[in-house]
Structure formats: structure tokens, C-alpha cells
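Heads up, the next two complexes both have chain A, just with different partners, chain B and then chain C.
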Partner chain A sequence: MAGFLLRRLVNYVVLALVATFLAFTLASATFDPIGVLQQRNPPPPAASIEAKKRDLHLDQPIPQRFVTWMGGVVQGDFGRTITDRPITDELGRRIGVSLRLFLLGITIGILFGVLLGVVSAIRQYKFSDYFATLFSFILLSTPVFVLGTLLKMGAQGINDSIGSNVLIFVGETTPGFQGNWFEHLGDRLQHLVIPTLAIALGQIAYYSRYQRSSMLDVLGSDFLRTAQAKGLTRRKALFKHGLRTALIPMATLFAFGFGLLVVGGTFTERIFGWFGMGDWLVTGISAQDTNITATVTLFVAVCVLFSGWLADVLYAALDPRIRVN
Partner chain B sequence: MTTSELQFDTPSDRVVEGPVLQVEDLHVSFPSEAGRVQAVRGLSYSVSPGEVLGIVGESGSGKSVSSLAVMGLLPSSARITGSIRFQGRELIGQSDTELSKIRGRRISMVFQDPLSALTPVYTVGDQIAEAILIHKRGSVSKAAAAKRAVELLDLVGIPNAAERAKAFPHEFSGGMRQRAVIAMAIANDPDLIIADEPTTALDVTVQAQVLQLLETAQEVTGAGIVIITHDLGVVAGFADRLMVMYAGRAVETGLVDDIYQQPRMPYTLGLLGSIPRLDVSEKQALVPIKGQPPSLTDLPPGCPFAPRCPMVVDACHTAEPPLFDVDGSAEHRAACIRTNEIAATDAEGAEAAVEIFGAEVADDPEVAKIPREQRETVLELDHLVKEYAVNKGVVFKRRVGTVHAVAGISFDIREGETLGLVGESGCGKTTTLMEILNLQKPMSGEISVLGTKSSEVDGKRRFAIRRDMSVVFQDPMASLDPRLTIHDCIAEPMQVHGYSKSEINRRVPELMRLVGLRPEQLSRYPGEFSGGQRQRIGIARALALEPKLVVLDEPVSALDVSIQAGVINLLEELKAKLGLAYLFVAHDLSVVRHIADRVAVMYLGKIIEIGEVDSVFEQPRHPYTQALLSAIPIPDPVKERQRERIILTGDLPSPANPPSGCRFRTRCFLHASLPPEKQRTCIEVEPPREVQAPDHEAACHFAQVREVL
Partner chain C sequence: MTVILNEGDSAGTTGAASGSPVDAAPDPGKAMTRGRLVLIRFARNKLALVGLAIIVGMYLMAFVGPLLSKWTYDQQDYSAFLEPPYADHIFGTDKIGTDMFALTMRGLQKSLIIGLLVALISTTVAAIVGAAAGYFLGVADKTLMWVVDLLLVLPSFLIIAILSPWFRGKSWFLLVLMLAAFQWMITARIVRGMTLTLKEREFVKAAKFMGQPARKIIAKHIVPNMASLLIIDATINVGSAVLAETGLSYFGFGVQSPDVSLGTLIGGNAESATTFPWLFLFPAGFLVVFVLAVNWVGDGLRDALDPTSTRVRRKEKKNTKEKAA
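Then we have the complex of A and B:
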């Protein structure tokens, strides 16, 4: 089993390289940072433009630029931005921001999504099922920025009625906040509530639909009847034998959902002023910065491949039938 | 069977007297789009301690629903009225929590499909231990429950139980899983065991093992048993009393012997008459019950069986008959107003059925009068081999083994002849069939159709040969395209082979009539037909190109018994009328005996016995054939109780790693009884097929006749 997963990991490294190379090539070929520089008013002196070109290795052919950049990456140096700041430092900070933002939201989304799906399946065609279905479809058809704005308005309403700023929906921390670590934690939580809700609600809606149908498949199965025939009550049989089996097909969804959201939350990050990876990608592209774009792409590739790997591990853990000898 | 030190309460400990289970006027209905389905309509029966009650009926008769009602396992949409008293205590209206204390402890259940009856994600041992822990939490430790689970697995005959308890269900064969389910059922020493078609999904040899195991389970627990089945053979030797169900009601009840010898309800008669008998050598007339079971949403007044009954009179349509006492005995009751007239016929059991239903024996085809050797050879297999590679690895596949699915088999089929090919699942029947239908050059050996070798033909010739050979599949539901009308289904082979439109339009209605269906139904879709009718459509399609050979892959195994008889009769009739040759693949030896002229028995990719059907069935030479035949229950309680069963141990070995020498030796009772020097012959030398009698060959070093019927 360990050998199998290790072999998979090696395949993934190759795939991640290919994805990054493509992104790097595409970005280098289309971006024109010097053009932006030249259009400045007043135009910078020719000497400094030449120096910039050299700094950005624009005098080299693209594959060579990639090799140069990749050589740095292997040593932990992701190069510098156009504005000549080290990418490596910012990368670590931004990954941290994204993780802090999404980890809680996704976890809540998975837990409650599964729960809602199960309840919905057990009470199929009853009021609670219809209600859950309606709730999910409304949320799934609401774009994130609409949901985010609505949540902001709701939070503002709550704040106004209480008369103090309990729910803060801009940024990660209050700038210049003073206090001990406990007060810092409280401040961060105040900032976290509304964005987490924005992430979790969509996730709950999404997972509950899948969980409902996978649970419905299991509900009619013979082994559930056997479990009840042994003397388990319906409820216990449903959770111990039914849910456990119905979770297997969900493993892939969980894994990829996690991997993709960490970089796919551009809107969420922008709406709530969290400067994470999603925000960075947009910043990088608009600044015509190849190094940022390639770095974020590499990160996306790693996330996706890690998700695939995680899905395999989860599958093997959940389903004895596919464990590889 | 393994003897065990396992402790069960002795049955005398029980304080409750009277019947264990008493069902009174039970009604169960479900909502459906067409209205409420009255699945069970006024059912009453009781089971005494230690008694075995057989409930017999076809699909939709309400036999399973009534048992699930006893267990409290019906969906919440079911409406249940009446009374179900277990040891004097009313079960209807009890909460799920209350019922769950009885389920698995006092009443337990064995289900039909062992493949899906166990939760795939927990080990078998854990699932059995769970059955104990649910009811004895606190008094039994987890370790003790796990130990007991191993003992139970040992008791139900799982070899190496301690090791196997750690296995997951998918690592068990079907028979082993059913054993595990039975272990679970007896874990808490119940007072009542309900077995719902416990052997239907299993091979005959495994069926015999499981039935014997149920008998053992009954002995050790002293429980009353309700065994539900559609197979009158299964219950003949096992049940004490029988209840025949039709359209949600009991139509005949009585002691087993009474019902088999003096059935007093036309439906029971029909059921008995529709089963081909393994122990009858002369041509037997099979009773087909015409029509379909009624829809249970909107039953007309009168006897529900009346539309299918050969004895129907006007009075039958006025009111539904209650159960009348037969011959003045309350033990034997039948729901038919003409019961006394049935009693007046001289014939007994199935013969009375033949008389009343007016069944006839199909004629032999003309060509059968010519001696076999002089007839044309339609299909010939000469040392056919088919192997599959077992590969490992995802990116770099490497061969790690070979599955010897078909290991050199030879037989021939002459014009107008039926060869039955029988064997357990996994013996290579289907692979053989696919090789024949594929018509490609075999890995080794030769397939010849009407004298043309498949290895020497090109694509064009191969296409032409396909006209002479057609196939009917097992599952009539899946083998017709649901989006084609019946006309298009039947016409398709003719279109492919370039028949003209007018020719097709003439042939299709003709074929419909040939298989006993009305041409007016041609514009309908397969979904509007019942299983039996669909199989007839499949047969019509197979006959469209006027083939010489029809390959039949388990053509009746998916059908109810009363429908099955009609299809078998049709096949015999067609054979006589059109001079067809059949290759009939089946696991049901009774059907094979009825329809086949010759039979070939396969085991692990080899034909171990082949010959004229009466010779093979009456004087089987190979121990495997003997075991197979002895495993098949006969629908005759008297004979059945006297029969000595040869129980084969274990399951079929893996064809990837077949035993050396004789492939059957690992399960052979004869081999086990031989002195060591003779055993060595079995281990080292593969037995050749040798002539044992005229048109009868067997592959056993120590072949000897043993009558088992």
C-alpha cells in the first residue's frame, strides 16, 4: 500500500511540472511588463528599462527562463515580483491566509452537508427533505459575491441592532490591535464568522445533494435490512452500517473540494478583504507578473494532485474492497 | 459438519407454551401510483416450537412481505393490520425500539441474496459479534463476543474460522456468506428463524450444504423455522407443514405429505405439475399455468386464480373462496369450491395436474428417428481452450498468472439434438458459450459449425455462419432493447442479414405466432410484457434467421416455475417442428433432464462426464456428477427423506490455480476414501475421458456406478 501511494506521488511530481511549465510559457508569451513600464508618464530612462529586462530575464528564450526559475524553485526561491519583492516570503504568508480562511469553512461544510444529506435521504419526500432541497438549490444558484454581499448586509444589521461591532467582515485582523494572545484570537474569530459562513453555506448545499443520493442508494440495500434483523434499531443501523458505506463515494468529492477551494476562493477573498492565494492570482495577472502566475499555478497543481492522492488514501481507508495488496 | 462445544439453551428452558408465532388475519398494503397494492390479504398461520413451516409461492404472492411484517422491517409506507403474536405478545403497533429487542434475539432472519446481505466495510467476524453485543451489552465483553463469533463460524462450517473471521464479506464466496448470515441468525439462540429463499441465489451443491446447515441450526437452537421458497423441491424434505400462497392469501395449507400427494387446489396442482422431475426417465408432460398472477391493486371479486384455472366455473367469479377443510380434516385446507371434485380424480400429485390441466408431451422431431451417427454434425468442439491472463500493475502490466477457464473440452451436437451443458458457477460454461458465439480462432483446439472450422473462416464467411446459429439469453429483462418495439427487436437480425422489407413484414408476425404471442402486440415495447413473454420474444428473435443451432444460456432460470414450464414446452415444440439443435446451458439439472437428449457435466473447465441423458442421470459414473445429482431436491417428501445426500465440502477451487491430476480430487468423497497409493494416481495423473457405457463417457480413474436418485 505504501509503495503504491509512493509511486503515485512520483507520477504527480511530473504532472505538476508539466502544468507549471505550460502556465509559465503561456504567461511569458502573453504578458508584456516592459510595455506597461514604457507607457508610464514620464517614461522611465532607457537604461532602467534595459536593467528591468535583464532582471526579468526577458533577453532569454522562454524555456530557458523556465529552467532558471525552476532551478530557484527547487532551492526554495520562487524568484521576485515585478516590483522586486521576494515571492517566497509572500507565498508562505498568503498560503497561511487562505488556509485560515477556508479550513474552518470547508470542515463545517462537509460535516453539516453530510448531515443534511443523510436527514434528507432518510426523510425522502417529507417536508424536511423538500426544505433541504429548496435550501440547497437556492444556495447553489446564488453567486458567491451575491451571497457575500447579503451576508455583509445581515452582519451590519446585527451589529446595528446590538450597537457594537461584533461581526467584522473586512480583513483578517483589526489593524493595530493590541492585547494578549487570547484577545487576538477573539479578534480573529470576529473577523472569521461571516466569511466562514459564506464558504460553509455553499459547501453544505453542494455536499448535501451528493450525500442524499449516495445515502438513498444505501437505504434500500440488503445489508441494512440484515443489520436491523440483528436487532439494531433503524436509526442505529442507518448510521453505523448505512452512513459508513454511503461515505465511500463521497471521499473523492471531499478531497477535491478541499484542494480546489483553497485556490478557487478568489471572490470570497476579495469580498472580505483577505489577501490569500486566490486574490494573488488576480493581482499577479493584472500586474502582468509571470513569476506570481507560475507560482500560483504550481500551488494549484500541487493542491489538485495532493487532493487526488488524498482521495486515494481516503478510499483505501473507507473501502476494504479496493485496498491494494 | 463441525461439532462444537458451543452452548445453547436447551429448548425445554422456555416457559412459553403454545405456538411461537401466530399470525391472524394479516393485511399489508403499500401505496403505489396505480392505487394501493394489497400485498397480503387476510393471512393466518401459526408456527409451533421446533416446527418447520414452508411457505411456497411465486414472486408477488406476498410470502416475503408477510415475513418482513413479522420482523417489523417493512417500510413505513406499509399499512399493516391484523395480529402477529410472538410467544403470546402482540407485535403489530410496537415501536422500532421495542421490536429491535426481539429482532435478532428471539426472531432472526436469513435473507435471499447473501452477496449483498453483509455490510461491505466491516469484517465478517465483527458483524457476527455485533449481533451478540447488541443484545448482551454489558454482560458480554467485546473479546468474548469476538471469540463466540469465531465459534459460530466454525459451527456453520467455515474452515479456519479464527483466520476467516477477520476477512471482509467480499473475500467470502456466496455460500460462505450465507453461512455467515446463518451464524448471525443463530448467534442469540432464537426461538424462531425466518429463512427467505435462503438457497435461491446459490449453486445446487452449496444449496444442499446450506439446507443441511439450517437443519443443524434448528437442532441446536430448537427454534421454529419458517422457510420461504418458490421451489417445491427445497421444502419437500425439510418442512413439516406447508402453506401455498397466491395473490396475497394462503390457498392451501397442510402437512407436507398431504399437499404433495393430494393437492386440493388447482394452483398447487399446477405448481407441482410444472416442475420437471429429476427422477422421472420417461417423457414427462409439464403443466404450464397460462396467464399471469393478478395485479394486486384492483382485484376483481371471486377467486384470484380463476382466470388461470382449468377448472373454473361461473361460481368461481362470484366470491373469493375461504379455506375449506379437506377430507374433514382441519389440518389440510384448500381455498377452492371444487376441492371435492379434485379429490375424486384417481391420479395423485403431479399426475392429477397433468390430467386436470391437460398437458401434453411434445413429439420427437422427425430427424430423431435417424440414428445419431448418421445425422449431420451441427456443432463440434475439439479440445477447445480458453485462458485469461491475470495481470498486475497499473502502468507496467505484468502477467502473474493464468485463469484456465476452459481447459480443452470436446463435444459435438447433431441435427435435432439437445445437449445440456451443466456445472456450478465458475466452471467455464459461459466462457465456452462465448467462445462458440465469437467464432474466432480459439487459443487452441477447434470450433466447427456445420463442418466449417472457425479458425479457417474469413469475416464474410463468419457473418454467413452466424445465420445458422443464434442465442437466447438468461435475463429476458435485459436482453431486449427497451427503446425498440417488439417488431423491431425481432426484425433486427433479418435487417442485418439483408432481408427485404416485405419479407421481414411477412416473417415477423409469423414468428410471433410461432412462439405463442399475438401479432397485434408487435407495436408495443418490451416493458409492457412479462418475463415469460419477453423470453418468448427473445426466442422469436433467435429463430428469425431460421438457424440450425440455438444456444440457450439459462433461458428459464429467471422465470417463475409456472411460467418456466410454458417456455420449456415451447422450446420442445419448436425443436420438433423446426428440427433445431440446442446447446442448453443450465445449472438446473431437472430442466436439463427434461429437455436434453445428451448431457455434458463441466467442472473447472473440463467435461468430466458426458453421454445420453438417462444413462448419465440414472447411472452416473463420476463422483462429481453423483454429488450434483444427489444435491438436487426432489419434490416428493417421501423420497426426499429417504435420500442420502452427498455433501461436497467447500467451494470450487480457483481456476487460476487448479489442483494437479484430477481437478475434482480436492472435494471428492471417493478420493478421500481411497488407500494412499490409489490417491496418488488421482494427484499425479489427469484422468482421461473413457467410454463407460454406450454413449456415456466419464473422466475418473475409479469410475463406478452409484445411483443417487
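Then we have the complex of A and C:
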């Protein structure tokens, strides 16, 4: 068992390294950070351009640049941005911002998604089932940048009708906010509601579809009938025997869902003005900054792979057949 | 071996025939072909029909609509800046007086063409690569599976965004190729799995022993047997390609000016959505409704083409139960 998980972990670490290497190489090959400098008017002296090239290691071949950068990463130094600011200083804060948004969003998404899926399955072809199906169909067809903007419009409408700014949809805190600890918490919550909703709604729709069909498969099974025949109530049989089995195939989905969320979060962060990792990716690519892009890719890869590994662990915990092999 | 296979086959056919009593009877004079069966099943699904009508309507509208409108996308109406929809401009105007209907139709055109092309290319690639990997196995197969794993870690959005400085100012067809290049992997994996079972079937073995070259076996015997999967996949891919394109264009990493797509329109107008909603709502509405329609058709096709898919089976089980009662 430990051997299995260890093997998977090694596999994932290798994949993360290759993914980061690829992103770094592609970025180095396509980005032209000097071009921006050269187009400045008046043009900077040749000597300063040369110095900048040396600073960015542009005189070295790409694999060597990667090794230099990776060597720094191992020691906790993610290099410098084009504007010569250390990436490491900003990294922690940005990861915090992103994870706060994603973890809350996905937790709500999984909880309500599973709940909605189970209810739809148990009450199949009832009104609630049709309603849930329509709801998730529409939400699954709505990209997050449309949903986010719609929520913004909705929040604006609510604020206007109440007459005060209850739901704030720009930034993660009010700049220069004064108050005690409790008021700070309130301020953050006001900022958190709409972005979290933007993430959670899509997740709920996504998981509920899969949970519904996985629960339907379980509902027709013999062991559930047996559980009821030996005297369990229907509710107990459904939740202790049915749901547990139906959750097994969902474990992989949760994990990869989180990976996808990290990418999808780019939109959410940009729309609501949160300065997290996703926002950084867009900034980095727009500024043609290889180090920022590679750092964000590493973050995404680590997130995806960690959740993939977590799925392996969950799978092993939920399904005894995996442990035997 | 043969006995078991035959048993399985006959059980399958009788199961399908008895499972769908409605299909068997409508016209005793005509023989029931597979095509007719699929057509009848598809036509029974109301949502799928509505979806199909919407898709056809949108393609027509995108190309015929601009001809019927008296405004073109490069015309400016100096008497109407930022006007909400009224008789003269049915979708309103933007801040330089361009008619939003003409702009939306132009964006719709580009998005729909990109979606269609990407789906066609990626499904073709998936069929060829997946079938080849499954048929030949060995090194080709190992490489393919590894690439699939890698691309699951390194999301396509990230790679295309990183490469976007490279195709800026070049033809939008490059974007089509890029999107297609990152959409075939998961289907290829499914195709590979199906090829593994297909190549053990008698007709493939017979063709092989009659001396047919591998290329012909794949083209004539293996790929046609996966037609249902490929049709469903191509349909779904149109939707996901449109979503991927609009997502990239939203950030300016996809379709570049002077070209316009639904994504660039949504991205450009999302900021002003709360004050001038018509700038955002029309392009966004077209996007959501189109993807929704594609999903409905995809679902309908799955139910019609694949008799083992859970939804049909359940419904038919329910039907027969109701009949028995």
C-alpha cells in the first residue's frame, strides 16, 4: 500500500518537473522581453540592453536557463521578474489569495453538488430532478467569465435595491480599511461571497451530474436491497451503503476538478480583481515574463498532481479492492 | 470462445430489440435499418431536436443575418453612441456607434467556424492516433499514453496562452490548429481502448489473415466500427472548442484584432456590463445558448447511437415496467 502510493508520488513529481520544463521552454522560446525595451522612445543605450539581457540570462541556451532557475527554486528562490522584483516575495501572498478562493469554492461545490446529485437520483424523473438537470445543463454551458459578469450585474442590482454596498465584487479587501479584527473579517466576507458563488455554482452543476448517474447505478444494485432486507431503514441503507459506494468513482473527479479549477480560477480572479496566481499568469504572459509564467505553471502542476495523488489515497481508502492489488 | 461470443452477440441483439418495442413496429413494410433506428430514437428526444434547430439556426443566422441588416460591422452610426436596443439598432450600439447586431454576427461567424474546424480536425486526429496506438501497441502506444498524462497536467489553456505572442498578428487558422492540437488526447485514449477489443474480433482477424495491410484494416474495419463514438465526440468537441476559443480570446490570447469572435466581444465589454448591459448580454447569450444546444444534441446522439448508454436503458426499462403494470 505504502509502496503503491510512493510509486504514484514519484510518477507525479516527474510529471510536474516535465510540465514545468515544457512551460519554461515554450515561454523562453516565444517571449521577447527585450522587444518591449527596444521599442521605448527614446531608445535605451545598447549597453543597458546588453545588461538587461545578461540579467535575464538571455545569453544562455534555454536548458541552461532552466537549470539555473530550477536550482534557485530548490533553494526557495523563484528568480526575479522582468522589472527586477523577487518573485518569492509576492508568491506566498498570491498563493494565499488563490487557495482561499478555490478551497472555499470547491468545498461548497462538492458538498452541494453531491447533495443535489443524490437527491436527483433518489427522486428520479420527479420535478426536482428535471429542475436540477436543467439548472446544471445551463450552468455547464455558461463559461465562468459570463457567469462571473452576470453575478456582478446581479450583485449590483441587489446593492441598488437595498441602497447600500453589501456585496462587494472588486478586490479581496477594501483598501485602507480601518477597524477591529471582527470588522476586518466582515469586510473580507463581503468580498468573498460573489467570487465564491461564481466558482461554486459551476462546480455544483458539474459534480451533481456525475453524482446522479453514479448514484443511479448504485440504486439498482443488489447489496442495497439486501441492506434493506436485513432491517436497515431506507435512509440508512442509502447513506451508509449507497452513497459510500457511489462516492468511489467521484474521488478521481474531485481531484481533477480541483486541477481544472486552478486554471479556471484565472477568469474568476481577473473578473473580480483578486491578485492571485491566475491573475499573475495573465500578467506574466502579457509582460512576456518567463519566470512568472514558469512559477505559476509549477504551482498549477503541483496542485493538479497533489490532488491526483490525493485521489489515489482516497480511492485506496474507499475501495478495498485497490488495496489488495 | 466462439460460443461465448455468439451468445453474447445474440443476447445483445435480442436485448436491444425487446428493449425498444416502440421502435420495432412503426412500419412493418420497411426493414429496420440501423440508420432509421438511430433517427427515430433521436427524433424522440425533444431537447435534442430543439438543440439541433438552434445550432442550424445559428449557423444560418451568422452567415445570412449580416446580409439582412442595414448596418455592417465596419460602419459607424454617428447619431447613436452607446444606445440601448431600439428599432434602428436591434442590439444597440457600442461607444463608437457600431451596430451591435452586425458585430455579434461577425463574432458568431468566427466562433462557429473555429468550433467546427477544431472539432473536425481533433476528432480525425484522435481516431487515427488512437486506432494506430491500440493496433500497433509498443512504443507508439507508450508515448501516446504518456503525452495524454502530461497534457492532463499541463492544461491546454496555459500552453496556448504562453504561445499566444507567437501567433499574434498571424492568421486565426493557427489558433484553430493549436486548439485542435490540444483537444484530441482524451478521445484518442478511448479510441485506443476500443481498438484493443475490436482487433480481437473475427472480422478484423479475417481481414488480417487475408493479407490486408494495417493501414487499410484501421481505415476500413476499425474506425467505421467506432463511428458512433466519433460522431458524439465531434459534436461535443464543437462546444468545448467554442468555449476554449472564447476563453482565450477573453484575455486577448486567442482571436486577435482585426478579427472578432464572441470571446473578444465578451472580454471587451465585460467591464461595462453593469452600466451598458446590452454590449455584454447579446454576445454572451449567443455563446451560452449555442453551447447549451450542442450539449443537448450530444446527449441526444449518445442516447440514440449507443443503446447501452444508461439513460436509454433506464427509460426503456421504465417504459416496459409501465407497460407491464
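In this text, the second predicted complex is superposed on the first by the 321 of 325 C-alpha atoms of A that agree within 3 Å, B and C clash if a C-alpha of one lies under 4 Å from a C-alpha of the other, contacts with A are read in each partner's own complex, and residues count from 1 in each chain.
As a convention for this text, contacts are C-beta pairs under 8 Å (C-beta built on N, C-alpha and C of every residue); 3 or more make two chains touch, one makes a residue touch a chain.
As the structure is a prediction and not an experimental result, all values here were calculated from the model.
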Chain B versus chain C as contact partner of A:Met70, first or second or both or neither: neither
Winner by number of chain A residues touched, once chain B and chain C are compared: C
Touched partner set for A:Leu151, first chain B, second chain C, both or neither: neither
Touching partner for A:Thr293 - first (chain B), second (chain C), both, neither: second
Touched partner set for A:Thr226, first chain B, second chain C, both or neither: first
Which superposed partner A:Pro320 touches (first chain B, second chain C, both, neither): first
Partner chain(s) touched by A:Phe267 [first = chain B, second = chain C, both, neither]: second
Chain B and chain C footprints on chain A, overlapping residues: none
Residue ranges of chain B in contact with chain A within the complex: 71, 73, 96-97, 100-105, 108-109, 111, 113, 116-122, 130-131, 134-135, 168, 170, 181, 184-185, 188
Touching residues (chain side chain A, partner chain B) in the complex: 221-235, 241, 244-245, 248, 318-321
Residue ranges of chain A touching chain C (in the complex, touch as defined): 15-16, 18-19, 22-23, 26-27, 30-32, 125, 137-138, 140-143, 145-146, 149-150, 152-153, 156, 213, 216-217, 256, 259-260, 263, 266-267, 270-271, 281-282, 285-286, 288, 293, 297, 300-301, 304-305
Contacting residues of chain C [partner chain A, same complex]: 149-150, 152-155, 157-159, 161-166, 239, 243, 246-247, 250-253, 266-267, 270, 273-274, 277, 280, 284, 287-289, 291-292, 294-296, 310, 314, 318
